[in-house]
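Both complexes below contain subunit A, partnered by subunit B and then by subunit C.
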Partner chain A sequence: MYTADMETRQKKSSPEDGMPVFQVMNFGVSFSQYENGINRKELHVITDLDIELYEGKILAVVGSSGSGKSLLAHAIMGILPGNATIYGKMFYRHEELTRASIARIRGKKICLIPQSVNYLDPLEKVGSQISRAINGVPKAEKKRRAIEMMARYSLDPQVYDYYPHQLSGGMARKVLLSIALLSDCEILIADEPTPGLDEPSLAEVLQDFRLAADEGKAVLMITHDIQAAVRIADRIAVFYAGSTLEVADAKAFSGDGSQLCHPYSKALLQAMPQQDFLPLDGVQPMPGDLPEGCLFYERCPIRCEDCRCSRPQSRPVRGGKVRCFYAA
Partner chain B sequence: MKRISVFIGKKLCKLLLLMLVVEVITFALMEASPIDPVTAYVGASTAIGAEQRELIAEKWGLNQPPASRFMSWLSNILKGDWGDSMIYRRPVMDVIRQKFLSSLALMAAAWLLSGILGFFLGVLSGYKEHSIIDRLISGYCHVLISTPAFWLGILFIIVFSVKLHWLPVGLSVPIGVLQSEVSFADKVRHLILPALTLTFTGIASICLHTREKTIEVLRSDYVIYARARGESGRSILHNHVYRNVLPPAVTLQFLSFSELFGGAVFVEQVFSYPGLGYTTVQAGLRSDMPLLMGITVISLIFVFSGNLIADLLYLVIDPRIRERRTE
Partner chain C sequence: MRLEARNISFSYQDEKPVLSDIDFTVETGEIVGLTAPSGYGKSTLGKILAGYLKPDKGTVLVDGKSADVKAFHPVQLVFQHPEKAVNPRWKMKKILTEAWVPPEEMIRKMGIEQGWMNRWPAELSGGELQRFCVLRALSPQTKFLIADEMTTMLDMITQAQIWRVVTEYAARKEMGIVVISHDTYLLKRLCSRIVRLNE
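Up next, the complex of A and B:
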């Protein structure tokens, strides 16, 4: 199945043509916080983020813990708490999105697949939560369609009457996926869809995303699992300290990594058990004290004086985008 | 189902044990009370001599040692004989039945009103957290929670009865009217002020609790997800907030039976409303042992059933607990 995936993908992943369905430019999120109860401080959790989603393509955003990726999905959906500020621009097709217009399209054109069963109402039956995604048809028809969609993900019809606490982790993910697909959206945002899954379920979930993409949906998968990302994504964005350091073709993440441009991406690949299992010294900077220059400066093997004082802009290199002065 | 009957059986055993302990304590407290029941009965009259007092005490069995008096009360009650009230000179059960019914109207009205009002004010307050409305509602609750019921009752009497003449000052029926001529409307008019007093003091706890719970639900992952799914504020309120906030609120309301009864004692005293609370005070002040012991049994059962209903409701309402119990 794995190789079959790769083949179909290679056929389809011609250079990204046309308009992106969804685009995020110079995107940032910050939280206001009070230090010692008096000083107001802005905490920049996501900075200078660029993302483009295309019809039928999967973009995986890969980042380690603490890189701010869990906030990314919520920030895009506009459902962060009140003390968060969002910068930058977002486009849905040709339309620039405002806070009000994103509220109009969320759940309709753009759907979130949340992390876990905690995102389902514990006192409402699963079926009624699924069928809420369908609008404008009688109740019986909603139920019929919901059960049909559940069957597609090999969920038993009796799951319709379950409560969320009766679902296993894998079932919960299928339920959440069914909700997203029933709402007939164009953009799917999956927040950490893989943790805690055994190999067969993992393969199934990944296959489901691939199918959704092949049906023409644009998929954004936020994950810490590079292997999973490499298996199904068309492109992979490497997320570090709240920003994308490199966006490259998923194929570049296999082999020795010579296709990759950014030193962090290379280090990330080398740290994988299948590769050299080499750790990288140092830690990711915290949102409170980001360096003035390049976010990766502290740990970079090829850094220069320039990197310390100015932050590199994203520039196209070999069909991808890289945020580094020296990458080639 | 079997689990539930075992559960109720255990609770009933606890009730019996609790009842015994409470009755022993009540009896001991009454024994320690400086009020002599005979003096309380005949009043300050000097027309009744020491010999006659002695006769009354003997008729009531007061000359026997406390332990044997308690045991005879206990054995009688097990036979179904609750004894006679000293001050009403009627069987205890008759007195309690009559008084409890008029208290029940008062308590039920206050319980329902405070529950409904408290719940909706709490949801509104939590939903509009930090707004003016929220501040007004929670400010009101905090003032009320520290306001004694009797003081509020006196305030109501001053405003609505004395100044405005809208409602009667007290009692449960108009003065100087034959029992047969008292209309239902009369009874309701007399019920309004005591019921409102009890309602207003009862709102605070249910309202503040509902407010906290509403805020918690609104910050939960499932409401965040509901927003991501494009559900409107109204839809979130109907689909998630009510569903998750109502069960604990109903449970809390059933758990508040003891506050309700305690409040009724004060409120009935202030309004001279002849209910069980008023009678309790009378029985205590005049050392009417059989009546007071009977009232403690009944009020204990009353509060206990509230708690039992709350426990059972949790079993029925919440699917997570229901499953754990029946597995």
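Up next, the complex of A and C:
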């Protein structure tokens, strides 16, 4: 059904063609916690988040550690713990997602590459965990494809019969990647797929994401490796304290950063060891202690009085979006 | 003072050796990079230098002597995953001050907020926890720091912030640092020389 609501979404997504395959709007996650015995408190860890994924495009999410990047991935998959509440809307193609409908499409249409090896079943051999991702072919063919995929990541065929505890950290990461890339999902979410990989494996992984996108998958890559993001992503979203401060073209993250709008994005770029290696004083606000105004107020070099009391909305700038009153 | 590893060989159980006849030295005040593909024994060498593992063959000498196992070890190791290096049942203040009490100024420079001191490890993010783990290791008795992918899990700004504190401190106290990493830009930025392990 075509509604007015969808029309506005279409307009908003103008920088790229077509409808987003997947979209989250005004999205938030909070956890209820008990403190001092019986006082219940809501802890807002993600607030006002907008993200759009398109067919054949890679969106990288970069940003500070503890800004809620992994929680976003878990929220999309519907695997947050029981004390979490989700706000806002999620759309998959034309359909608004509910808890029940997420459960129906996850693992089929949407795949997650989790951050840690702990997500493998410790009691099941690696090979059968990989081949389960392949549907609709005979068992022998599944095994052949699984071993072929493992070989691409220089995993020996004998690893097929290993249990997860026999894998090193890097090998486990390659197994997780193989599972996701063999499935015929439409949306691939990768949560920190690269840390600890050496350069040849990193190059292989990044190339495979690009290939997956070129085959028509929509890819969301959560990372703090800006360099890796620039190498393969089409667009980069910058996360801070549970919100997106900027969404920009990936190319804006190279050179001197003059193409970037938000002061936090600029600071991220300047902190890279190949740039100025320049830290920014201060810390990210804690969830439960978020400022009333702009989330970046405390550390911002261009702040003004109004940033302290009101939180800027996301607005379009130079083909991207930025959440700042003064960024130009 | 010098940290010296001589003819180190090591293998896990009956597998083929991870390290064979490795020689490695660091002087105090020096920052040395250590890099190699995954599985070549970088972390193993780090653990041997810091006394967590005993080599099958060879010796590790600090200032010409073997380190006293009953005293504070002059070689301190900081791991990649801070959440695995802290006691989940201790509050942050107790974790930070386990070996020494860092001065206020260093706590501030490291970007540790006073409000975090009374929190449990599970309430802080990886970047926040790692600041505690690094500062905890910078006791005046620490002569060498082994940074095993110390900032790999952290965002760029936190990474630069932590390294600024550590390198300033190392220069002032003549501490030696071994930086284990895959990030060539980081190594080039920090180190005066880079050692590559071969198979």
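As a convention for this text, the second predicted complex is superposed on the first by the 297 of 328 C-alpha atoms of A that agree within 3 Å, B and C clash if a C-alpha of one lies under 4 Å from a C-alpha of the other, contacts with A are read in each partner's own complex, and residues count from 1 in each chain.
In the analysis below, contacts are C-beta pairs under 8 Å (C-beta built on N, C-alpha and C of every residue); 3 or more make two chains touch, one makes a residue touch a chain.
Quantities reported herein were computed from a predicted structural model and do not represent experimental measurements.
> With the two complexes overlaid on their shared chain, look at subunit A and say whether subunit B and subunit C clash or fit.
Overlaying the two complexes on subunit A (C-alpha atoms) leaves subunit C and subunit B fitting together cleanly.
> Mind working out whether A:Asp281 is in touch with subunit B, subunit C, both or neither, as first, second, both or neither?
After superposing on A, A:Asp281 lies in contact with subunit C but is clear of subunit B.
> Could you let me know whether more residues of subunit A are touched by subunit B or by subunit C?
C
> So, does A:Glu305 touch the first partner subunit B, the second partner subunit C, both, or neither?
After superposition on chain A, A:Glu305 lies in contact with neither partner.
> After the superposition on A, what does A:Pro122 contact: first (subunit B), second (subunit C), both or neither?
It touches subunit B, and subunit C stays clear.
> Using the superposition on chain A described above, determine whether A:His224 touches subunit B (first), subunit C (second), both, or neither.
second
> In the superposed arrangement, does A:Ile179 touch subunit B (first), subunit C (second), both or neither?
After superposition on chain A, A:Ile179 lies in contact with subunit B alone.
> One more residue to check, A:Tyr163. First (subunit B), second (subunit C), both or neither?
first
> In the overlaid three-chain picture, find the nearest pair of C-alpha atoms across subunit B and subunit C and give that distance in Å.
The answer for the closest subunit B-subunit C C-alpha pair is 5 Å.
> So in the complex, the part of subunit A that touches subunit B is made up of which residues?
Per the touch definition, subunit A meets subunit B at residues 74, 77, 79, 81, 103, 105-108, 111-112, 114, 116, 118-124, 132-133, 163, 165-166, 179, 183.
> Spell out the part of subunit C that touches subunit A in their complex, as residue ranges.
36-39, 80, 111, 113, 115, 124-128, 149, 152-161, 163-164, 182-186, 188-190
> For the complex, give me every residue of subunit A touching subunit C.
Interface residues on subunit A, with respect to subunit C: 62-67, 168-170, 192, 195-202, 224, 226-227, 267-269, 271-274, 277-283, 286, 289.
> Per the contact definition, I'd like the list of subunit B residues that touch subunit A in the complex.
Per the touch definition, subunit B meets subunit A at residues 219-222, 224-231, 239-240, 243-244, 247, 318-320, 323.
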